[in-house]
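Mind looking over this structure? Questions follow.
Going in written order, the chains are labelled A, B, C and D, and every chain counts its residues from 1.
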Amino acid sequence: MTIFDELESEVRSYCRSWPVVFDTAIGSRLTDVDGNSYLDFFAGAGTLNYGHNPPALKKPLIDYLQRDGVTHGLDIHTTAKAEFLQTFREVVLEPRGLDYKVQFPGPTGANAVESALKLARKITGREAVINFTNAFHGMTLGALSVTGNSMKRGGAGVPLVHATPMPYDNYFDGTVPDFLWFERVLDDQGSSLNDPAAVIVETVQGEGGVNPARAEWLHGLAELCKRHGILLIVDDVQMGIGRTGPFFSFEFADIQPDIVCLSKSISGYGLPMALVLMKREHDEWDPGEHNGTFRGNNPAFVTATAALREYWTDDMLEKGTIAKGERIEEHLSRLAEAASPLELTPKGRGLARGLAFGQAELAGKACTAAFERGLLMETAGPCDEVMKLMPPLTMTEDELDEGLAIVTDAVHCVATGA
Amino acid sequence: MTIFDELESEVRSYCRSWPVVFDTAIGSRLTDVDGNSYLDFFAGAGTLNYGHNPPALKKPLIDYLQRDGVTHGLDIHTTAKAEFLQTFREVVLEPRGLDYKVQFPGPTGANAVESALKLARKITGREAVINFTNAFHGMTLGALSVTGNSMKRGGAGVPLVHATPMPYDNYFDGTVPDFLWFERVLDDQGSSLNDPAAVIVETVQGEGGVNPARAEWLHGLAELCKRHGILLIVDDVQMGIGRTGPFFSFEFADIQPDIVCLSKSISGYGLPMALVLMKREHDEWDPGEHNGTFRGNNPAFVTATAALREYWTDDMLEKGTIAKGERIEEHLSRLAEAASPLELTPKGRGLARGLAFGQAELAGKACTAAFERGLLMETAGPCDEVMKLMPPLTMTEDELDEGLAIVTDAVHCVATGA
Amino acid sequence: MTIFDELESEVRSYCRSWPVVFDTAIGSRLTDVDGNSYLDFFAGAGTLNYGHNPPALKKPLIDYLQRDGVTHGLDIHTTAKAEFLQTFREVVLEPRGLDYKVQFPGPTGANAVESALKLARKITGREAVINFTNAFHGMTLGALSVTGNSMKRGGAGVPLVHATPMPYDNYFDGTVPDFLWFERVLDDQGSSLNDPAAVIVETVQGEGGVNPARAEWLHGLAELCKRHGILLIVDDVQMGIGRTGPFFSFEFADIQPDIVCLSKSISGYGLPMALVLMKREHDEWDPGEHNGTFRGNNPAFVTATAALREYWTDDMLEKGTIAKGERIEEHLSRLAEAASPLELTPKGRGLARGLAFGQAELAGKACTAAFERGLLMETAGPCDEVMKLMPPLTMTEDELDEGLAIVTDAVHCVATGA
Amino acid sequence: MTIFDELESEVRSYCRSWPVVFDTAIGSRLTDVDGNSYLDFFAGAGTLNYGHNPPALKKPLIDYLQRDGVTHGLDIHTTAKAEFLQTFREVVLEPRGLDYKVQFPGPTGANAVESALKLARKITGREAVINFTNAFHGMTLGALSVTGNSMKRGGAGVPLVHATPMPYDNYFDGTVPDFLWFERVLDDQGSSLNDPAAVIVETVQGEGGVNPARAEWLHGLAELCKRHGILLIVDDVQMGIGRTGPFFSFEFADIQPDIVCLSKSISGYGLPMALVLMKREHDEWDPGEHNGTFRGNNPAFVTATAALREYWTDDMLEKGTIAKGERIEEHLSRLAEAASPLELTPKGRGLARGLAFGQAELAGKACTAAFERGLLMETAGPCDEVMKLMPPLTMTEDELDEGLAIVTDAVHCVATGA
């Protein structure tokens, strides 16, 4: 491990929590160079919804490489891209009645967010945007300006302006009517709020602490945007592709965002890829107005196509996700009850789950204890006060139970050791 | 091709010039779905310096996938990353006496640029930066603010501030002393120039029109930065990894930038990957202060390692690049002379070459004519007035001659008004 | 009047409501060129708290001019300035136990606000500020960025950033606890609120609709600022100098702001003058760091000194203001009751009073009707829905009653649909 | 003087150079409380072009106050304003064939500049502006963003953006063609210069070091602006109203700016007043879009009217200014020759004159020596390297000679004492 200490920048972070060298991975497990196995409740921060190296995707990927399919394509037409687009239309858009155009920005979530913000500003001719408390949208300057975390914002080195935060759902524990502040400042010509081009929102805030927004809140937000001529951008980078059950996390709220950002699990194999979806009437881009070298990562198109065919032509994955999510919720609720002095609060939706600790620092300690017991987990929330449970959607029930048992163990260990 | 027209956003661009569907690619040639073959003078805009799907990289890549090596790693330690870091140190840094730390930002050049700008601002506590006329650094908001092209800047939708342009080398055709304006405003406490944190520069401007900076200009720039406590960032995303001959494009100027951005050809296989190199004393990052989901694209680490071993343990590639570059230069000079009414100007260095047209619109027409003859080329420059010749560094001399013959043909075709 | 139409810019506004040419003015009355007399419920938008051309100030002013006292002084020492400073210390600061240093910025309220914001940013090293809904602080770029009115903000021509609005007192009619949102985003490290240097607040919002903040709200705000290391700036440009009763409008809330902006009535004679007061420990200015040509308007110092001696060495003015304010309040309450279909709401404190109309456009009509009856009044509020009553503090009771009778008349006239 | 030390903010500056308390002033002389007399080569930084308390203005001013003319008028119509407008049209605009509309912004130069920038942005829909090296336009945030001095810019506390500096005339001592850089970046679609709404320029830079722009440079600038659809704003706050000879300082270059800012000497008596002049077709303001409490300082209108009548109905003042300016120039040239080791450089035009020192710090010392000899002078330039000679235009030749003798004396004193 010397090489990492000697050569890699101090900016590295996850490796500090898990000080081993990983070698191989399959399904819900990783193996380190010493042959130790780790169960994965992290899933590449939501990138590995189908687990590591899923065989149904691995084979077409290797076949594609073997036959020298175009690897790097910018935005040229390729067979791999054509197949992806056709499959995406057939499997995703048409069954849901969504008439979106598809943009391939650079292959990261931040790039999708940057594109979405640019497009919204172009369409409306306004520069301001609304974000929410504890939002996370990425680290490039445009995406960072709508991200909440003060440490990460501080890294910008320039004032982050043009965005104004609004309270996310449940920010006041239900004591204040939804959108009271937001709608009031929009309606008030003297509020000093700059007219917003767009609202950008996550349906469940992952990094922000696994905070789920309710369907009625999201629906209300969509209505409010419509009334005020504001575009609604859903950042579905982490919560999309089935993480909460349905393909798009916003489906349960019965809304159709103007713009949708996808990345992370879209390729299904952990390969960099991102999409921006926009309502057909909003496709006001000029050719080349936004570009990027790796927007045509064709191996990712191949695995993305295979993933859609494997997992999204029936509702088994969605149902399994919801069922497993409930299984976790029940487990965490019992645990919270059993360990009541810790003031634990289960949170989340589908397989995006969190366990908030009354004492913030215990969450990190519990994650460390979990790692020592062979389970990978990270914390979330503004004070890292939440243990985040994001297993692959394809995790077996036995693995899930194994992981939950470790969570219980880790929490008890923290409870007694505290 | 209907699917692209129907479903893909209007933002797509290259596919408009090359309206075919590509399927496979190897070395310096692509093949479309109808079996037509195309010679590549484009090389993925500098991403495919070793050509398409180079066998020496393909095998370890497929092996890695076959044995279920970790694919997606964020910044966890993996064997693939360790091997890359060791190889990079051995093959690249140590022989050149460079003591850089290595950051893995998100896997795109823009992300490397965003990181570099953040870091420079953090180190210096200043927010302003200096960029150069006709620079290209990327499409995310921070990178776009230092990019020159007015159409792309217009896409930002917010005023792009914090950067002030300075004239690039040869901007006034040698009639004005180097850095006359730049140094004057730095020295003048009344100039209204905000104190810059950093200068960001390309050694050859690719998108900007294949404009090479001279060694003495780059050296002078490095000295000027040093005198004024300004950090020097070289964006070597397109010109690094051997495009102009040496591994780093700045080696010929005998300078050591404070920060270096690499991407495009670093993985060697067209897979998304990027690096930020910073002098050891500049590694002031806090853990996690900049992050990104795809910063650990391990298949790219595997091919990057293989590429370093295959191409950079001796000087054959570098010498070949310089020789082929001179071959192109001679060819273009003869062509310019022969077609003197077109006012052609050969430009560039190494295998980054351009042919500027007196009448801007003819460059595009010549590229179209080249495509019709089976050669892929793009234009560059603020008015798209330059045919850009960027073949894979590994192109054979026969292929090179074949391509140059087509260029000649295309230029004559345009000359005769067809 | 032709000359105004022909030569003066379209930006002019008050003259459109009062299309006559005024010639002389004394006390609470103006006279136009045709000899018509107008009672003044406007007082130069708060600049003429002692009425027009008060004799007790006029004499020393003319004496000073007669004897060729220094007129224009920048920030040189003059006898007029020395006398003002001594008197200000004796009459204003010492009796109130205030240890402020005094800055003479340019002679307008906006300039005082610009200075205050600069100073707060310098002291704290932060760039963000908090303003309130419906605030008015001036038209220069820094002051405008903390002003609420969307039309005026639109005039900036650049995005107004660096300020985030918070709800002013009573913004939700008491249904939400004070500072619920503000304190929550300050405490939340993930809120995305940039750390504020300062809060800028009016104790009664004049332009914003004559909205008074309660003592407990102001007190709570001061406490909140203290807890969070935020400087509290009170913009007392319109409400200071006795408009609400005490010399400083914030006295009743028992707070000591870090910085105070004064202008408008400070000279007492309508002459341009402004002050910034800052706690002694906050005087971190470097010499000349903020300046302005007219910061030493010595005739204004002369009248300001005379005004302090005339009106502020006992509590008669203060008591009179409070008594007259109550008289107005009673009158307006009765009027509101009598004209209940108009949904009138009396507002304000001291002699800053307003009458809000259920139908916004009627307020303007009532002001027009008042003008036709010889009374000068303007509207306020984001929709111009408030008749603003700001008579000179020195108005006699008879004049006050005369004016209130016209108000009643004007309201009835509007009520009957005329 | 204790009161100043004890109570006035550290921001004060001029009083540090002249540590006496001034009491009265008339013509070109001030008298302190101890009866010492000082000759004035400072003229209120250009505010007192007609000297202190000129009798021809004093009488109508006192008459106006005596008869209780309206003092404070916002933008209501008054007889004083009507007379000023009529006189300004008759005496200034019509004889020069200028069809400007007149705006009364707040009563300071900075406010005029803020208005001008807003208006230019509104007209063009662009946000960027061009300023010049060593420009001075004021201390409010908009005006400061186009001001050069780094200390003053640092006081902003926020990054000053939206303006890009260009080299002022003679910035490279004539070695570079005029506008080489400026026009090149305007023409180059890849320069990264944001399209400017306006250029703001002084015809002689006062604070910047008494740098005169040549007629052909100004003319070239006006042509360049026209070609590129950029509005030309001349900030004539310090150099207008006859300082360089003609009423407007730009007349000698035969240009008609789109927008002109006037302040300082426009009232003629040192009273705060400012004007923005705009070509009739550019008057796109909405009513009230820019306002300010003291935009109707009627006593200033009275003295302004009297000054126009007194000094601008014939060409005597203009001729006298030019003649006296030449007298100074000759004197300074001889002085420079005589004191050649000091490397003195005479600069300026009309009665805006400077003497630059090879060793910057000697300029301040010479000013101190001048003060000790009874002459008021300030320094200018980015390093305070210039003694600034700005006597009242009405100074007698004897006084001028007296002052110049002191300058010579002070310079010699510094030369020997150095």
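Methods note: a residue touches a chain if its C-beta (ideal position, glycine included) is under 8 Å from a C-beta of that chain, and two chains touch if they have at least 3 such contacts.
A quick map from chain label to UniProt name: A, B, C, D = Diaminobutyrate--2-oxoglutarate transaminase.
As the structure is a computational prediction, the values presented were derived from the model and not from experiment.
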{"item": "Higher-contact pair (C-beta pairs counted), A-C versus C-D", "value": "C-D"}
{"item": "Most widely separated chain from chain A, with each centre as the mean of CA atoms", "value": "D"}
{"item": "Chain B and chain C: spacing of chain centres that average the CA atoms, whole Å", "value": "58"}
{"item": "Chain C and chain D, separation of their C-alpha mean positions in angstrom", "value": "31"}
{"item": "Computed distance of Cα centres, chain C from chain A, in Å", "value": "49"}
{"item": "Multi-partner residues of chain A (at least 2 other chains)", "value": "127, 151, 158-159, 162"}
{"item": "Parts of chain A lying in touch with chain D, wherever the complex brings them together", "value": "158-159"}
{"item": "In the complex, chain C residues that touch chain A", "value": "127-128, 131, 133-135, 146-151, 153, 159-165, 167, 171-172, 176, 180-181, 184-185, 188-195, 208-209, 381-383"}
{"item": "In the complex, chain D residues that touch chain C", "value": "1, 3-4, 7-16, 18-26, 30, 33, 44-48, 52-53, 58, 61-62, 65-79, 81-82, 85-86, 88-89, 101-104, 106-111, 114, 117-118, 120-122, 127, 138-143, 145, 151-152, 154-159, 162, 197, 237, 263-264, 269-272, 276, 278, 283-294, 297, 299"}
